[in-house]
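Each of the two complexes below includes subunit A, the first together with subunit B, the second together with subunit C.
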Partner chain A sequence: MAVLDSISTGKRSVADRPPPVPRKRYPKWATRAPLLPALIFLIIVTQLPFVATLVISFMKWNSLDPAGRGFAGIDNYVNVFTDPDLRSSVVNTIVLTASVVLISLLLGLGLALLLDKKFAGRGFVRTMLIAPFLVVPVASALIWKHVLYNPEYGLFNGVLNWLGFDAQPDWISTMPMTAVVASLVWQWTPFMMLILLAGLQSKPVEPVEAARIDGASPFQVFRYLTFPHLRQYLELGGLLGSIYIVQNFDAVFTITSGGLGTANLPYMIYQTFYQAHEYGEASAAGVIVVAGSIVIATFALRVVSSLFKEAK
Partner chain B sequence: MRRIWGVAAWFCGILFFLPVAWMVLTSLHSESDAATNPPSLAAPLTFDGYAEFFDAGAWPPLINSFSASIGSTIIVLLLAIPAAYALSIKPVEKWTDVLFFFLSTKMMPVVAALLPIYLIAQFAGMLDNISFLTLLYCSMNLPIAVWLMRSFLSEVPREILEAASIDGAGLITILRRIVAPVAMPGIAATALICFIFSWNELLFARVLTGVVAGTAPVYLTGFVTSQGLFLAKVCAAAVVVSLPVLIAGFAAQDKLVQGLSLGAVK
Partner chain C sequence: MKRRLTEGFVLIIAAVVAFPLFWMVLSAFKPEDEIISADPVPWTTRPTLDSFTRALTVANFGRYFLNSVIVALVVVVLSILISFLAATALTRFRFRSRTTLLIMLLVVQMVPVEALTVPLFFLMRSVGDSVPAFGLNHLGSLVLVHLAFSLPFAIWMLRGFVAAVPVELEEAATLDGASRFRFLWQVLFPLVAPGLVATSVLSFIHAWNDFLFAKTFIISAVENQTLPLALQVFVKPDQNDWGAIMAGSTLMTIPVLIFFMLVQRRLVSGLAGAVKG
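Now for the complex of A and B:
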């Protein structure tokens, strides 16, 4: 598949190194044998369905109208690109992914910088900060929807009430996209924090000390030493986050049920196929998602491969 | 100065933990105390929410989730450990290409494969069948497990492996005496991370299962449109369903970053 081509950019840099410990005692098949079950299983389960998606995307196929099944040419793609709902779901996916990734990266960076300092109870604070990431995503979305956002008895309005504000906004109806983004930022900030913290803690100490002795300000240390070192961790966090959040279904499904202009592509595909039974169009949308993902995946694989090369 | 950082960190920690703490507290309130405005902090505690959740048929979905998550984790380990061995200790030629192929499959959005997988399940009569879901979770976690296991196995010192084989140690001895002790913590962390991903999955479970094989996340979607007095119950459900993930996550805490970044960050 096209993914294979896209990774070739990333793999070449690592493939230059000689393979470790060449062993000549065993025939080739014996070294390959342990790999094959996993490889074959993965090709069958993950690659064949994509081929099927590609085929179905060129078919006219509504499961409620089995007699009308046939070849559709590029009609499904035309429909996908002209359907305003599907077009807005593309925009929603981009807005949702970009805002969640950027905000949680920034918050995660701040938290990682804080946790990199020494203070009493650091381990405990770290544990508290990881907790949001370990709440099952549907459960977290349910809690945000019913327990925090609810206009009548939700915690947010309860706190407003406590603080003496009269305003009791209906969070989800007035700002649906922000509501979804906020719940996802809460879930993903710990992820970004963990990756960036690992980056900070792998930073060599000597240059920082040398810079301090030479009179560099804390800002200069961050700008010229910490940040360049963190850059690849920021990239990795951003790309992995994008890969996961582009696919997000749970939060949109739970908090707004795709309504109020928040339906993203995964939700739209789910709905087109599961509720509208438009198999052809759902597949065409799926192919478009794959095409979009390949762009992100290419960059992601490149970053992973540079870290991979460095770790060797 | 140091004190300010500490206070700021504690403040952020508590702020992020607050929704989790509030979820636990609400789950222990009665329904009428859970739905007050302003919130009732000091209301009497009760396990009614939990009792109601388990009485309402929560066991079958929890058992389904456990069998899909544990089953897929075992199969994934059985496939991934030999593969990782062939990618690190005794590498095949072009092993990096193979490794990056595994990774690339993880970067494809699963939603694009949803329809054909549904059609295959329908054709094979495997809709609403937990075994089918288990197999899908295997494919979802296999790339992660291969990457992770490879990064753990590559920590096995090469010199010792070579010395052992020169001294005439057989494959089994090498695996048992040299590889296993180094790899065990890695295998445990990989298993926990695969368990978490399977346990959390909603989209496939929602589309492919129904009343028989529905998993815990699918059961939770029953609360999406709930109205009236149900906050304690939904919080109890969220706590119970999240508990295995919280336990697995904290148990794997040290390796969590490595797992989530597919072994790219140590």
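Now for the complex of A and C:
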């Protein structure tokens, strides 16, 4: 996380300082050679394709019309921003990512705090709580769509029935976005919980004991000791969660098939590319996603860290 | 008293959270008429393996299963080796542009896959022209992309672990006459094992769960599809085979569960180590 801190604060943290040079000097190539496999591989599989995306995004290219291929200028970008479907998919991606990350971080924090206490059967409870993270996302989406949400034989309506309610709502068509968010929160809360639990368990015990003896209330202990310690774990969880949820395709594809106003960017790009064969437009959308996520990540990290700096 | 209350509270939450999974396994064992009954009951009096048989025979699940296992394991082994080397270079040696490289890794991780699907599709298609095993419709193409997307995170996480090993140890090993190579594989590698475990779980889950690339790269070669796609075989517009879907989902969850159980203890300390870096 040292990298993150140095990006967000503009300062180099202690951990980021290069380690002391070993007594024996290695030749230049020997110090860098171990890095090469990773570097070359990443450049070929992620960097070059991204450059290609950039190039294609300025081209007019539809595979159904190979003769019409050519330079398009910023037409694709204009299309992306003016096409109401694409525009709403940008909004959907933001809403989906923000709500899933925030809700699952909050729930994960609550669960991690509960699990941090010692009690009988803690291991068992922890395994049960982690379980949703271990289910393959497509399977999880199918479970939510049919086992829980289904209006005829779904569990939710079964429970409503059993409790004596007559209402048998069709969950997915009445609240499509909430349905997708709920299923993703269920999957991601365990992940956040794991990261925050790791943070809680690496926390030194002595300061808490000292604070207790000095008469600090449990809330004060949380506010001034636990929370600042957890800060970078919250950041890590939020960052990783956003990275993965911005890319979510499985849940949207399975639960709503992008219908009912839930199509997010990955789904939209999938459609533009594989069904409409508009390679240029799909690439432009991809570039916008990258730009957007870098801006948001940098901005969010700065805001979060400065908030904490003031609180300290 | 207060403690008992908390315990009960946690237990109830855990039960609610895990309930859909219980339901998934239960549905896999239920006979077909009970699954779509309007009065679902949380038990079954007539457990049956029919759904599992259908999943394994009709959809050739075994084949898909094997494909998924191959892809995930190859990705895990390669990412451990490559990220270990890279993390060592990034923490142990100082050279110009070290910080830049670290930040670059972070940025790579932040590039959402959807931005790369289009060119990756073309890349894999041209790779396939010269090396068919790594081109479209082959498992190799999946290995390549999953490796690329799990490496940055793995390197980043391992950094903390390598940094935690004291430099004195390396000096001692050198004084005792150990070669560079020997130090790397016989001293450092075992010492960062907890970190390797934590990263391998995430690489495994990443490759195992993938749906987007499996769907876009494996187009016509049905025999090379992976599990998440196999599930869709049972989803039909008119008549879904729920028993088989749930049986398939249950089977898919088992390897992840086993893998996770094996490394559970180390995972939490592994994640903590990643932040310390």
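In this text, the second predicted complex is superposed on the first by the 271 of 312 C-alpha atoms of A that agree within 3 Å, B and C clash if a C-alpha of one lies under 4 Å from a C-alpha of the other, contacts with A are read in each partner's own complex, and residues count from 1 in each chain.
Everything that follows uses one rule, which is that contacts are C-beta pairs under 8 Å (C-beta built on N, C-alpha and C of every residue); 3 or more make two chains touch, one makes a residue touch a chain.
Since the structure is predicted, the reported quantities are computational estimates derived from the model, not experimental observations.
Three-chain overlay on subunit A, with subunit B and subunit C in a clash. Of the two partner chains placed around the shared chain by superposition, subunit B and subunit C are both touched by A:A198.
Of the two partner chains, neither subunit B nor subunit C is touched by A:S99.
In the superposed model, A:P132 makes contact with both subunit B and subunit C. Contacts of A:S89 after superposition on the shared chain: neither subunit B nor subunit C is touched. When both complexes are overlaid on chain A, the residue A:F41 reaches subunit B and subunit C alike. Legend: residue contacts after superposition of the two complexes on their common chain; A:N76 is shown touching neither subunit B nor subunit C.
In the superposition on chain A, A:Y153 contacts both subunit B and subunit C. For the contact definition in use here, the residues of subunit A common to its subunit B contact set and its subunit C contact set are 3-4, 6-7, 15, 19-21, 23, 26, 28, 31-35, 37-39, 41-42, 45-50, 52-53, 56, 111, 114-115, 117, 119-121, 125, 127-132, 134-139, 142-144, 146-148, 152-153, 155, 158, 161, 186, 189-190, 194-195, 197-199, 202, 233, 236, 240, 243, 246-247, 249-250, 253, 265-266, 269-270, 273-274, 279, 282-283, 286-287, 289-290, 293, 297. By the touch rule above, subunit C contacts subunit A in their complex via residues 3, 6-7, 9-11, 13-15, 17-18, 20-21, 23-24, 27, 35-40, 82-83, 85-86, 88-95, 98-99, 101-103, 105-123, 144-145, 147-149, 151-153, 155-156, 163, 167, 170-171, 174, 180, 184, 205, 208-209, 211-212, 216, 227-228, 231-232, 235, 240, 242, 245-246, 248-249, 252-253, 256-257, 260, 264, 267-272, 274-277.
Subunit A makes touch with subunit C in their complex at residues 1-4, 6-7, 12, 15-16, 18-24, 26, 28, 30-35, 37-39, 41-42, 45-50, 52-53, 56, 111, 114-115, 117, 119-121, 125, 127-132, 134-139, 142-144, 146-148, 152-153, 155, 158, 161, 186, 189-190, 194-195, 197-199, 201-202, 232-233, 236, 240, 243, 246-247, 249-250, 253, 265-266, 269-270, 273-274, 279, 282-283, 285-287, 289-290, 293-294, 297.
Across the interface of their complex, subunit A is touched by residues 2-3, 5-6, 8-10, 12-14, 16-17, 19-20, 22-23, 26, 34-39, 79-80, 82-83, 85-87, 89-98, 100-120, 135-136, 138-139, 142-143, 146, 158, 161-162, 196, 199-200, 202-203, 206-207, 216-217, 220-221, 223-226, 230-231, 234-235, 237-238, 241-242, 245-246, 249-250, 253, 256-257, 260-262, 264-266 of subunit B. Every residue of subunit A that touches subunit B in the complex is listed here, in rising order: 3-4, 6-7, 10-11, 14-15, 19-21, 23, 26, 28, 31-35, 37-39, 41-42, 45-50, 52-53, 56, 110-111, 114-115, 117-122, 124-140, 142-148, 152-155, 157-159, 161-162, 168, 186, 189-191, 194-195, 197-199, 202, 233, 236, 240, 243, 246-247, 249-250, 253-254, 257, 265-266, 269-270, 273-274, 279, 282-283, 286-287, 289-290, 293, 296-297, 300-301, 303-305, 307-308, 311.
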